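In what comes next, chain A is part of two complexes: it sits with chain B in the first one and with chain C in the second one.
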Partner chain A sequence: MNTLAAVLWKDIINELRTKEIVLSMAAFSVVLVVIFNFSLVINRDNIGHLVPSFLWISIIFVGTLGLSRTFAIEKENSAITGILISPIDRSMLYFAKVLSNLLYVLIVQFLLLFLFLFMFNINLTGNILMLIIVMVLGAVGFSTLGTLFSTMAINTKLRELLLPVILFPVIIPVIINAVKATSLIFSGGGYTEIKPFLNILIAFDIIFLVTSALVYEFVVEES
Partner chain B sequence: MNNSYIKIDTLSKSFGFKKVLDGINLQFEKGDFVTLFGPNGAGKTTLIRILSTILKSDEGNITISDYDIKKNVSDIRKIIGLLSHENFLYQNLTVTENLIFFAKLYNVKNSEESISYKLNKIGIYSKRNELIRNLSSGMKQRVSIVRSLVHDPEIIFLDEPFVGLDIEGSEYLLELFSEFKKENKTALVTTHDLRLGLHECTKVVVINKGQIRFNEIIENVDVNSFESTYKSLIA
Partner chain C sequence: MLVSTYAAFIYAPTEVIMGHIQRIFYFHMGTVWVATIAFIIVFVASILYLINGKRKWDVLAYTSAELGVFFITLTIITGSIWAKPVWGTWWTWDPQLTTTFILWILYIVYLLIRANSGYDEKKAKYSAVFAIIAFIDLPLVYISARVMRGISPVVFGPGGGGIEPKMLNALLITLVSFTLLFILLLVERIKIENLKYQINKLIYTENN
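Take a look at the complex of A and B:
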């Protein structure tokens, strides 16, 4: 737990000082929503389909930008090597990086949600608590896999290009279910309708978290 | 079990078709202070990186303090410290924050006092609250020296530790070397500086083209004529 707290503390202090990850993600979020605002025509009939889809597309684009940056910081001065020559449990390093990535994704995710609601003048009448749960579950799935794949890509020359290429196909089950659950919430769907998607999201989050933690040692040692 | 504290047995490493280390055999005792000389590309850094568990060898065996490097990597990591070409420091953390962070990775309790002592020893205590990005490369090198010692390792690998250090910094480092010897720590230092390299060492090793060309205890080395010996070894 010491390792987890130390790595998390280091990431948060670094981000509070530079603000480069959250600010760049936030700036990209604003640009995306403005572009969507000009290109999409949202009305009462298509709001339940279009907004959730574009919201989650934005989340994975912006989240991938953040993932690339968090590991670029580890590459500066080969700081990650300094961590790896210590006798720490590699799974604790993984959980710490997942938590810091999750924190950045959650901040930007809720900024994106606010921007979509504001720019498209949407009066959200659905279950807000359920929406928060769906967004957190989606962010957990994205961060667990994103952390693993960004570690894989860390030493490749094309890491910014490689990351989405290897991450997006695998993250599809999380995104599809998050979009469907969000669509139901935007359309005023109840808990019983949303529950199957929530269960699938929880299942994928657990599978991704456990398998990634198990293989992380091999991935990070070979990176 | 073997008697040597560090035993390197027929170690080989290639990058692509280029063989960087070719059947290296070395043995060091506890308390040995070894200086490894060699020209650029001789394999010094690769050897240090393999010993410090960053790289894996292609062939050969290494035991450190009776731990097999392939089977007991975590035990070895607890007892070694590494100063590399890269400083491994986070640019946006202060000197003290960096050192406390690395101390936590080694589970060092109440590290602040020992960090302050070491910063004082290497002459940068006054810089303890400065961000790494604001320091000169020589100062970063000094912080990196403290980082490599933050957990009081029994064995220390120093890859060209004098690079970027001014005269004062080099003197501080030589004082630290003599402290290592007093504490019976084992050290492997690579350098191109023959004078500084021979200063505290108990054993001299010369490597060239991935092979050991010279391996003698300091008592068997004529320090005054070593420069010409060295030149003939790397010719």
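Take a look at the complex of A and C:
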């Protein structure tokens, strides 16, 4: 637990001092929403279908940007060697990295949600609590595998290029369920309608949190 | 073994009494069956590799994944050819097809990771980790695709419910022959991989 807090705290302090990850993610989010605004024709009829899918497309694009940065920072001055030399549990290191990635994703996620609501002039009538739950579950699913794969991708020849290629096909269940649940919420669906999607999201999060923590040592020690 | 494989290839289609299009179904079943075995082997071999780190498990996983991709590609192609006259379309986003398609992408990505990871041990570990994640991911993809499209009936098996005894025979022969073909290819492929390894070792000792 101590190691988890220490590594997480290190990441947060680092980010607070440089502000590079969250700021560039935020800037990219704004640009994306502006581009969507120009390229999409949104009216009352298609708003419920288009906005959730574009919201989640933006989230995974912006999220991938942040993911590839968090581990690149460790590589820059061989900081990762220092972490690996210290006798800490690799799964704790993994959880710490997931939490810091999750934090960044959550920040930009809600920024993106706000931007979409603001720029497309949407009145959010659905259940806001449910929307928050869906978004957090989606972000957790994205961060669990994102952390594992960004550690892998950064150590390959292709570097950041490989990350979206390996991450996107695997997180398809997250995307499907999150988009579906979000669009149901936007169109005023209740808990019973959203429940099957929520269940799959929860299952995905738990399964991959456990599996990734188990296999993380093999990935991180080959860096 | 080669003889038996070839005999079954030629024998199986002659046994068929249904329309010509339906014949491709045997190869469709044969390839998907073999691909399934291949991906299960990849999964198990990857776990074993991560547990004891022996090179042979990595070789088995890699060769099996390669063959799996080859056979699943054939499955998709034969399935499309079969679906065009029967369903009237090359492709639908039915849960089964979606899952197969994602499966195909996942194992191509697996080969991509292998091609770009650098030295042997890293390559082996990264691809083993990815293989495990990908295999666990597939049921989730299937469930998600089902929930997304509503509960659609599983369109599978030859039309008309029951299966003719002769067709069953042909199907069994194709399955056996494809399995034998797979084992043959796998053994040969592992031999090539081992030879490659030995050559690399020789080059390495030459250079030092």
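Everything that follows uses one rule, which is that the second predicted complex is superposed on the first by the 222 of 223 C-alpha atoms of A that agree within 3 Å, B and C clash if a C-alpha of one lies under 4 Å from a C-alpha of the other, contacts with A are read in each partner's own complex, and residues count from 1 in each chain.
Just so we're on the same page, a residue touches a chain if its C-beta (ideal position, glycine included) is under 8 Å from a C-beta of that chain, and two chains touch if they have at least 3 such contacts.
The model shown is predicted, which means the values in this text are computed figures rather than measured ones.
With both structures placed on the common chain, the touch criterion links A:Ser86 to chain B but leaves chain C unconnected. Residue contacts after overlaying the shared chain place A:Leu158 against chain C, while chain B stays out of touching range. Looking at the shared chain after the overlay, A:Lys180 reaches chain C, while chain B stays out of its contact range. In the superposed three-chain model, the partner touching more residues of chain A is C, compared with the other of chain B and chain C. Shared-chain residue A:Asn2: touches chain B; no touch with chain C.
Residue contacts after overlaying the shared chain place A:Thr18 against chain B, while chain C stays out of touching range. After overlaying the two complexes on the shared chain, residue contacts for A:Asn46 are found with neither chain B nor chain C.
In the superposition on chain A, A:Phe218 makes contact with chain C only, while chain B stays out of contact range. Looking at chain A, you'll find no residue that touches chain B in one structure and chain C in the other. Considering their complex, residues 50, 102, 105-106, 109, 112-113, 116-118, 121-122, 125-126, 128-130, 132-134, 136-137, 140-141, 143-145, 147-148 of chain C touch chain A. Those residues of chain A that touch chain C in the complex are listed here as 145, 148, 152, 155-158, 162, 165-166, 169-170, 172-173, 176-177, 180, 196-197, 200, 203-204, 207-208, 211-212, 215, 218-219, 222. Listing the residues of chain B that touch chain A in their complex gives 52-54, 74-75, 77-78, 80, 82, 84, 86-93, 97, 101-102, 104-107, 131, 147.
Chain A contributes residues 2-3, 5-6, 9-10, 13-14, 17-18, 73, 76-79, 81-88 to its touches with chain B in the complex.
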